[in-house]
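Below you'll find the structures, each written out as structure tokens.
Shared chain: subunit A. Partners: subunit B in the first complex, subunit C in the second.
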Partner chain A sequence: MDDLLTVADLEVGFQTDRGLARVLDRVNFHVGRGEIVGLVGESGCGKTTLARAILGVLPANAARISSGVIDFDGRNLLAEDPQGLATEVRGRQITFVPQDPFSSFNPVFTIGAQIDELMKWKSPDSEPGAAARFYPRVRRRADRGRVLELLRTVQLPDPEGILKKYPHEVSGGQRQRLMIAMALLPEPQLIIADEPTTALDVTIQAQILKLLKRLAAERGVSVLFTTHDLGTAYEICDRVTVMYAGQEVESAPSDDFFAAPRHPYTKRLLESLPSREHGISGIPGQIPALIDPPSGCRFHPRCTRVSDRCAARRPDVTDAGPAHRVRCHHPVGIVREAAS
Partner chain B sequence: METLRFLLRKLAADRTAALGALLILLLIVVAIAAPMLSTHPQDVTEFNPPGRLQPPSVEHFFGTDRMGSDVYSRLLFGARITIAIAVIAIGVSVLIGIPVGLVAGYYRNWVSDALMRISDIFLAVPQIVLAIAIAQTLGPSIENVILALSATYWPFWARLVYAETRSALNETYVEASIALGASPGRVMLFHVLPNISSSLIVRTTIGMGGTILTAATLGFLGLGPPAPSPEWGRTIAESREFLPEAWWYATAPGLAIFLVVMGFNLFGDGLRDILDPRTRRSADG
Partner chain C sequence: MTPSGPDLLRLDGLRKYFPIRDVWKRRIGWLKAVDDVSLTVEKGEILGIVGESGCGKSTLGKTVMGIHRPTGGRIVFEGNDITDLKPYESRELRRELQYTYQDPGASLDPRWKIGKSLDEPLVIHTGLGGAARRERVSDILSAVGLPESHLDLYPHEISGGQQRRVGLARILTLQPSLIVLDEPTSGLDVSVQATVLNLFLDLQKQFDLTYIFISHDLSVVRMICDRVAVMYLGKVVELGPTERLFGAPRHPYTRSLLSAIPEIGKQRITDTFWLEGEPPDPGNLPSGCRFRTRCPLAEPQCAASVPPLVEHLPGHADACLFSDRAVPEA
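== the complex of A and B ==
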């Protein structure tokens, strides 16, 4: 399949007082056209850093991108001029649904004013890069119609009324619906949703996720969805990629992923979901410090299947089924012919 | 318009803030209408030594001073000086402090460091001491008082704007607009400034009170406009040698300073509550 987004060997570090924190270690990752990909991992494993690297919003003074390629629809996002990307790609072809719907609106302007501002610059009718100093009336009217229609589509009551409100006057769930609407308005090819439901009630979460999934499917938009909640990943993702301490360890279609995990970390992660049979269990050990991470496979100090090879070098990408890739020297459930 | 009406309604509900607003309004009216309200407008420049130090009467509401001039009339004209000094000094401070704070807060490089260190130098010396030093060096006049106050007050705004800008830059919506290609100027003017405007307005209002007090202090020390200016601080200084017999001479300007400063402080406190965006409601709400 022709991939929309390909991340190859991406290495990102953050300069800290104690040295360079190697937050992403040669990450390989891809999102197909129209595919919903879940990026799963514990807090601090680099999910958000990867999402931000794709969006190009890593803090410029601390982040060091030492190697790698982020290819989006044939363009290398790391090599191109940032200003050009800002006008042509960001907010147009790649949009973003933030984690926290409470700081995502400017509190001093009405929601309508902020959506107008977005459409003034990023409406699908507008020329990318054209100076949008003024906003032609014809386009404004067309955009307004589009906005109202989409607000209805995301099931917001009384769209006209909501546009006149201030952000603090609507609920968190409504704000997140607005965020999804705003992410869809420029008619993008890829939406990056960074834990979009973490801040919401569980009942609202399901609604928002279903909405996001339905709209993405209807419009053929790819979604990169980061979460630490395996349940939500199972709900909406076509494919799931797991990250551990800055390395991607396994990537598989959702069903395969949950039925037959190959990487020991993935297996332990799935087992750590609270259940009636197993109760609550965790993974012994701690997430490694990223200043001086373990060599080779970063999971090896906590892994039960560890061997000398694991510390020596990081496993290559191995096929473990259709579209199922794993990076492990000793994957679960595969009898290796070559193993002696 | 709706916002203004909303503001007035809130103000009416908050008694102390309304009192503050009333006092400020009174000061402005008095300053503008001084020639009409005063009973002896010529007394600002002309003296009448035989009638000196007379107690309050129907003829002289607050008595007369050491030159026989009407204290009440001079008080009204003094309000003009007070307002002029406070408004210009605060205006200059705001015009210097806000851009400095915005630029220093937005950028994270040596320019930012340099600007903040400069304002730190000003803040390191107590404001009144620095103002006295500057005014003393330049000589007594209204212009120099304004200069001394502006030079010592702008770092307060720079600091405030700097801190607020830094925290505003962490907001998702600011980050998003930067990622979408918004220019630094656009981010500062459309995102940062509107969000910090309420704390700026409150700081400015309360700062007016402080400025008036400092201006009066400079006047009292003889660093303000020279005699025969009816400046309030100077009037109090002149009245000292006639205390406690001529109590009205010092009481009138003292009370005026007290009421005006209190007015600005009460109004500023009230505004702080009213302008809090969390308690604000939309126009149709």
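== the complex of A and C ==
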């Protein structure tokens, strides 16, 4: 098995005043080594919650993980001691690129000081868990060289100058390049990029996607790329998983996914992108409330192919081609069961 | 231009500069947010204004609306110069000319019910009685596809797509003729975006509206606009009919912008995109053509003077000296 990350039957809820919001409902998901996986879905579908569960940063007072396994490189992240994970895994083997590069830097410290702070704790040379009160000069010098080299790799002009600047002095695109550099510095195995280009303009987005794709390939890092934009997922992902209201509905290699979507939701989602073939078509109805979600397949109240079975039971995973998995009783384009 | 209808709105060399001040409040320069923009909006059309953040597209919309006072140039609406109206004069005009903000959730009063928000413009602008106002509000509400029960809800109780509908309904109660839509679909999911766009088109037919559609989302602009103006750092660099502009873009900036949109099923832009660098600081612009610092076609002449917006094909103008040349392969 060469999967780096496997999520099995993960169920996460949030305690609210009105009851338990069931945000993730038995989600199955995996990321291979060196693979870029897109996690696509509309707002509120649970993609950020899944990313946070993997990182282990769900709010402890509200989140309830009732069942499931998150297996990362042979260790179950849900069973281990959170303190150990914080020093050994998070920020070291799994790093994070945030959606908003504007609020992810501390505005009162220089960029250089903030990168030094990161390297003090998470440098690949440092011993995980060792007290980082002292930052030996030898290591500091080696780390500084590594930082400058990586800033050059992410095509930032004048790396020495940028380290002396404050976050507000650099543009949004440059800040996101810095974030990618900081995610790569600890030499992780998995980068979780949570909508990294949503806040950027299209021309900058194209540059950032190009950079992320190249660096992931060069360094053999896996990337979990969450996005609501199918177009950007098409650009860089090897495989795409679609979520709807806390359930994963379809997962397929990129080419197959865009050429032959099987789940009715995926198909409608692709059709609602503005294009000349389909005109402008939306999906009637609304995303369900997660306090009291629909039974069975959560898409069934909006689905055109719905039958009684859909409300009764959540469909099992079925194969719809090589590595193409879909969770639907009535998948599109597969031999139709007669009037079921 | 070949006007199919009479010009509803004409901008002549419109300018809006913001002063840049140092810590002592002394002016140390100008930020030219809108610089010498001339264009016309015909009755019944949808004019798209596209560009990246900071290019001045929202400032242009707000200046047309009178939210900003122009630094120079003329705004002519239905044949009348409305550039320097006094506040009481412009109040009459507000009925005809309306503006929707980017985030309707933030522009609705959180402590007012939807019904009160919809009623307010009628109280200000018309002398209608309570019953007539209620009738008008419920007509508009059904036109934007919301149930009447929503009148008693607060803004936080409805979804983002519905908030846009309310924002639009609020404007339509006054029966305006020109609406400036500022990023009307940003922050919406694609499935909701599609229904909101369809609503815009339906309402346009139903109420005989003219839109100025400000957006950074080129695929949306392509779907619904008749003509498109592309802005870069305060200047219109290309203006033309949607089909022609998207099919055969001429200005190198437009070409780069279009080649940056991911298109499913096409060649991946991560393999083909060629534009390097980021826009320069708008407070410290390069001389001549503002795109020349990033432009693959740039020549020494580009720095000498600002290229004018010239109509190379009927109705299709661009501001580039070398727009006939092909972009060299990256």
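What we mean here is this: the second predicted complex is superposed on the first by the 334 of 340 C-alpha atoms of A that agree within 3 Å, B and C clash if a C-alpha of one lies under 4 Å from a C-alpha of the other, contacts with A are read in each partner's own complex, and residues count from 1 in each chain.
One rule holds for everything that comes next: contacts are C-beta pairs under 8 Å (C-beta built on N, C-alpha and C of every residue); 3 or more make two chains touch, one makes a residue touch a chain.
Because the structure is a prediction, the values reported are computed rather than measured.
**Student:** Looking at the overlay on subunit A, is there a clash between subunit B and subunit C, or do the two fit?
**Tutor:** With subunit A as the common anchor, subunit B and subunit C both fit in the superposed model.
**Student:** Report for A:Pro159: first if it touches subunit B alone, second if subunit C alone, otherwise both or neither.
**Tutor:** neither
**Student:** Contact-wise, after the overlay, does A:Gln207 reach subunit B, subunit C, both or neither (first, second, both, neither)?
**Tutor:** Touch status of A:Gln207: second partner only.
**Student:** See if subunit A has more residues touched by subunit B or by subunit C, and give me that chain.
**Tutor:** C
**Student:** Using the superposition on chain A described above, determine whether A:Ser171 touches subunit B (first), subunit C (second), both, or neither.
**Tutor:** Touch partner of A:Ser171: subunit C, not subunit B.
**Student:** With both complexes superposed on chain A, which partner does A:Pro288 reach: first (subunit B), second (subunit C), both or neither?
**Tutor:** In the superposition, A:Pro288 contacts neither subunit B nor subunit C.
**Student:** On the chain A superposition, what angle, as a multiple of 10 degrees, is formed at subunit A by the C-alpha centres of subunit B and subunit C?
**Tutor:** Once the two structures are overlaid, it is 70 degrees.
**Student:** Which holds for A:Pro331: it touches subunit B only (first), subunit C only (second), both, or neither?
**Tutor:** Touch partners of A:Pro331: none, neither subunit B nor subunit C.
**Student:** In the superposed arrangement, which partner chain does A:Pro98 touch: subunit B (first), subunit C (second), both, or neither?
**Tutor:** After superposition on chain A, A:Pro98 lies in contact with subunit B alone.
**Student:** So if I take every C-alpha atom in subunit B and every one in subunit C after superposing, what is the smallest distance between them in Å?
**Tutor:** Taking the overlay as described at the top, subunit B lies 5 Å from subunit C at its nearest C-alpha.
**Student:** Which parts of subunit A are in contact with subunit B and also with subunit C?
**Tutor:** No residue sits in both footprints.
**Student:** Tell me, which parts of subunit B touch subunit A in their complex?
**Tutor:** Counting only subunit B, the residues touching subunit A are 108, 171-176, 178-181, 191, 194-195, 197, 277-278, 280-285.
**Student:** Which bits of subunit A are touching subunit B when the two form their complex?
**Tutor:** Touching subunit B from subunit A are residues 55-57, 61, 83, 86-87, 90-91, 96, 98, 100, 103-110, 114, 121-122, 164-166, 168-169.
**Student:** In their shared complex, at which residues does subunit C touch subunit A?
**Tutor:** 52-53, 159, 189-195, 197-198, 201, 216, 218-220, 222-224, 256-257, 259-265, 268-270, 273, 275-276, 278
**Student:** Hey, which residues of subunit A end up touching subunit C in the complex?
**Tutor:** Counting only subunit A, the residues touching subunit C are 42-43, 171, 173-174, 201-207, 209-210, 213, 228-232, 234-236, 258-259, 268-270, 272-276, 279-284, 286.
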